[in-house]
Amino acid sequence: MADNLNKLKITPASFKTVTAANVDAQEKISTPSLTFFQDAIRRLRKNRAAMISFWLLLVIVIISVVSIWWTPSNPNAQNVAYANLPPKIGQGIPGFSGQANVGGRIVDKYAQANVPKGTYYILGTDYLGRDLFSRLMKGVALSLLIGLLATLFDLAIGVSYGLISGWHGGRTDNIMQRIIEIISSIPNLVIVILMLLLFTPGLNSIVMAMGLTGWITMARLVRAETLTLKSQEYVLAARTLGESPVKIAVKHLIPNLSSTIIIQTMFSIPTAIFFEAFLSFIGIGIPAPNASLGTLLADGQKAFRFLPYQMWYPAAVLSIIMIAFNLLADGLRDAFDPKTQE
Amino acid sequence: MTTNNTTARKKLIEVKHLKQYFNAGKANEVKAIDDISFDIYEGETFGLVGESGSGKSTTGRSIIRLYQPTSGQILFDGQDISQIKHRDMLSFRRDMQMIFQDPYASLDPRMKVKDIIAEGLDVHHLVHSEQERGARVNKLLDLVGLSRDHATRYPHEFSGGQRQRIGIARALAVNPKFIIADEPISALDVSIQAQVVNLLRDIQKKQKLTYLFIAHDLSMVKYISDRIAVMHNGKLIELATADEVYNHPLHPYTKSLLSAVPLPDPVAERARQRTDYNDAIEFDGQQRTLQEITPDHFVLATNDEVIAYRKLAQV
Amino acid sequence: MTKILDVQHLKINFATFAGQVQAIRDVSFHLNQGETLAIVGESGSGKSVTVRSIMGLLANNAQVKAGQINFKNHDLLKMNARDLEKIRGNEIAMIFQDPMTSLDPTMPIGKQVAEPLLIHGKATKKAALHRAEEVLELVGINNAKNRLKDYPHQFSGGQRQRIVIAMAIVNNPEILIADEPTTALDVTIQAQILELLKELQQKIKTSIIFITHDLGVVAGIADRVAVMYAGKIVEFGTVDEIFYDPKHPYTWGLLNAMPTLKTDSERLYAIPGTPPNLLNPPQGDAFAPRNPYAMVIDYQAMPPFFKVTDTHYAATWLLHPDAPQVTPPLAIQKREAEYQILLHQHQTLAQRSNVNDHE
């Protein structure tokens, strides 16, 4: 500062009054305009774990979408002659060379089974000779589909239930909360087993069962948030302007709830996937021959001691999906609510 | 302060024996407002002062029907607002608007300024095209002294004073007759408070508005109001013109309140004599009503106290 | 008078997404033993950041760029966390704005007030509780002995702030920093708390730094006042000098913008515009764009402090010998007139007492 003063030439002209200070100019906001979501995404980008998870999930989703139309081979086609082949991508790649240790000797299983040259099973085959990679693709797709459907229930029932309960308050809220408590007191598994008595096991009954119970956390979160939002002055302002409750919900409540909703969704998808895997694993989930992560694990587990690859890969994929969703959800929570970070 | 001819003035708001209890009949009953009555004349600024918990904000919210009164009547332009039918509610909402206390909580953080300001226009279908909407928003921005480029920005980009001006523009959008200002400046910095108060006064003159100005800052209320009511424990304890309340306060609570106002004047501060107030005298079980002591000067008192107050007023 | 705290050329930046926010831009001030120094400024002026840096309570993204905070021959900025803890809550204590959040709702108040003693290992549990009772009695909690086991929610807002003050003074701190201690309170409670602080200062001989945005509060409690704007102190002096003979146009604006019970003009004087964004502080005087008296030089260079009296300095080019004479706003002229009368009274009083002495 002292330097500045020395350099500055003070002349009589320096003390001329500057009239009419341009107030308008200094009220200008020079910083770039960021919407709330842009700002949140900017913070999310800085979170490396969340970004890696995001890209991983994106790849997994794309592969599953592709599996709807194309898989390397038919995932349900049995070929007993090619049963239990180890993974093979090429000669000499450790773990993917098509060789197996049988009684202390390394054996080329592909040659033993007379597999024609050029036919490789990237992740090997199962006990019925089905291509595991194709089954895994289909299985992940099915698991994601279940996660998605369960989440739709979550959004449709949970959000509206929470909004209505929180907005009305009083007796309505009281009754609605008691209903929630009753539903949540019944274990999910009991509901699923009851559902299986009524319907055939399969996608529908699993989704129905999860739809019946999964929305409760969402409803509770949305209700709690709505209770605080409805006494916010901007909501009061909307009421004094004559805005109807439905419009207030759409214009003010849902946008301000969006971060809570998105985060909860991110947590509920892996929960649904895991629940499906669990059901299929214990044998009351997706029926054969369809593949899901749960059925793949159940099949692989039977021969785990001899053919570990049959379980390793589905287990790894399930773990990756679970971890990635959770890390992404954590990242989103920090991005949406920067206060929790510090 | 504008001098009004008392006899010819029209009553815009009449509050009659308003009671607002929360959790009525339960163990945790709160008598937020306990039987208050007052009128607000057209074109005036009616100041409502009181400390936290006095029921001043609740009064404002009851008048604008954010709450359903426990008992009593509120007349707006001669019409009982609790009797307004659903289809007339919209027009009532247009006539009466509110400016809120917290400039950070009163604007939806997810909406652009132009959508916040135009919310009332949309609700009441006051504009019919996107251009008309934009033009109205620009006009309102000009009115409250904000730049037109601000329309596409989000509330968090503004300072407290600017946000409060956005809130004022939102209230003005529907051309109300009556505005309730609920502590509109208490969250603002001193240098910004004056801007907002000047703005409120300018708009009042331009649009012939009536204000209910709720605040705890007595200097500011004195400055902006024509008449002032002092509230304490849900009751209206003194009501008179602004000058009368400040120069000749009668109720001991009002006196105590005035004696506590900090002054930007060290000499006066050194000489300050604060009088304490013990609210036990309110709970002696006697029935008190608002009684006229001198013309247009009302105090909550028993009949015996009235005589004492009259003597006091003559000194 | 001895300086108990001396802050020299403090500069603090905050790292944000948009860049470096220069929250404190070369702030120097000192605190004399036994006095009350008020730091006045709007939100964002840097007054709270300044005192938090004294307490070592800055946010994670804050960086001290330069400066010293000297307390008892130590630079607080260079101290390590452990040594700082010994000073914090012991020799320098702080009162926060909100009595609701500065007390732990799950702990009885006796324990909370005694805690600073226990933390600094100054007393046994029994002695600490006894001392807590004493201090609570001192800050005006009646029947403190029987209320030691009560929880914060059993007290009113004003009483809670008294408890917070008790917590701060239980160690007999040499410096008490009060960060807007009355802003959240009602007028009558505010008056009581201010009186309490004044009383306590007499009794326990502590020095107080009082942070506020409300000039009205300052007039009653301060001995000296520093006015902050945009991360800099723009004027400082004794309370009479600031209120009756202010020199900086910003101080004029602040004093003028507050209506008193006597104000009856049609419009209030309002400082136009808003404070600058400290991400890119303007060249020259940050107040220039809002200053009706701004001159060419205000946009070119930051004004240095010009001396008005030994105790009164203001950073405005208007005080430069070459600057034109300006007439301050009417209300300020009135204040100056009052001050002249005041000075005159003092002189006559002094003369009289002199005469009396000679006799």
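Which chain is which? They are A, B and C, in the order written, and residues in each are numbered from 1.
Just so it is clear, a residue touches a chain if its C-beta (ideal position, glycine included) is under 8 Å from a C-beta of that chain, and two chains touch if they have at least 3 such contacts.
The model shown is predicted, which means the values in this text are computed figures rather than measured ones.
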Contact graph of the chains (line, ring, star, complete, other): complete
Note: of the two pairs A-C and B-C, more contacts are counted for B-C
Separation of the C-alpha centres, chain A versus chain B, in whole Å, is 50
Cα centre of chain A to Cα centre of chain C, whole Å, reads 51
Taking each chain's centre as the mean of its CA atoms, chain B sits from chain C at a distance in Å of 32
Going by residue number, chain B touches two or more other chains at 162
Touching two or more other chains in chain C are residues 272, 274
Multi-chain contacts in chain A, i.e. residues touching at least two other chains, fall at 27, 31
Note: in the complex, chain C contacts chain A through residues 17-18, 26, 59-60, 272-274, 276-277, 279-280, 288-302, 304, 317, 320, 322-324
Contacts from chain C onto chain B in the complex sit at residues 42-43, 157, 186-191, 194-195, 213-220, 239-240, 243-244, 253-255, 257-261, 263-264, 267-272, 274-275, 338, 342
Chain A residues touching chain B in their complex are 24, 27-29, 31, 33-36, 232-234, 236-243, 247, 251-252, 255-256, 258
Given the complex, residues on chain A that touch chain C span 1, 4-5, 8, 10, 12-18, 21-23, 25-27, 30-31, 42, 342
Listed in rising order, chain B residues that touch chain C in their complex are 1, 51-52, 159-162, 189-195, 197-198, 201, 216, 218-220, 222-223, 246, 256-270, 272, 274, 277
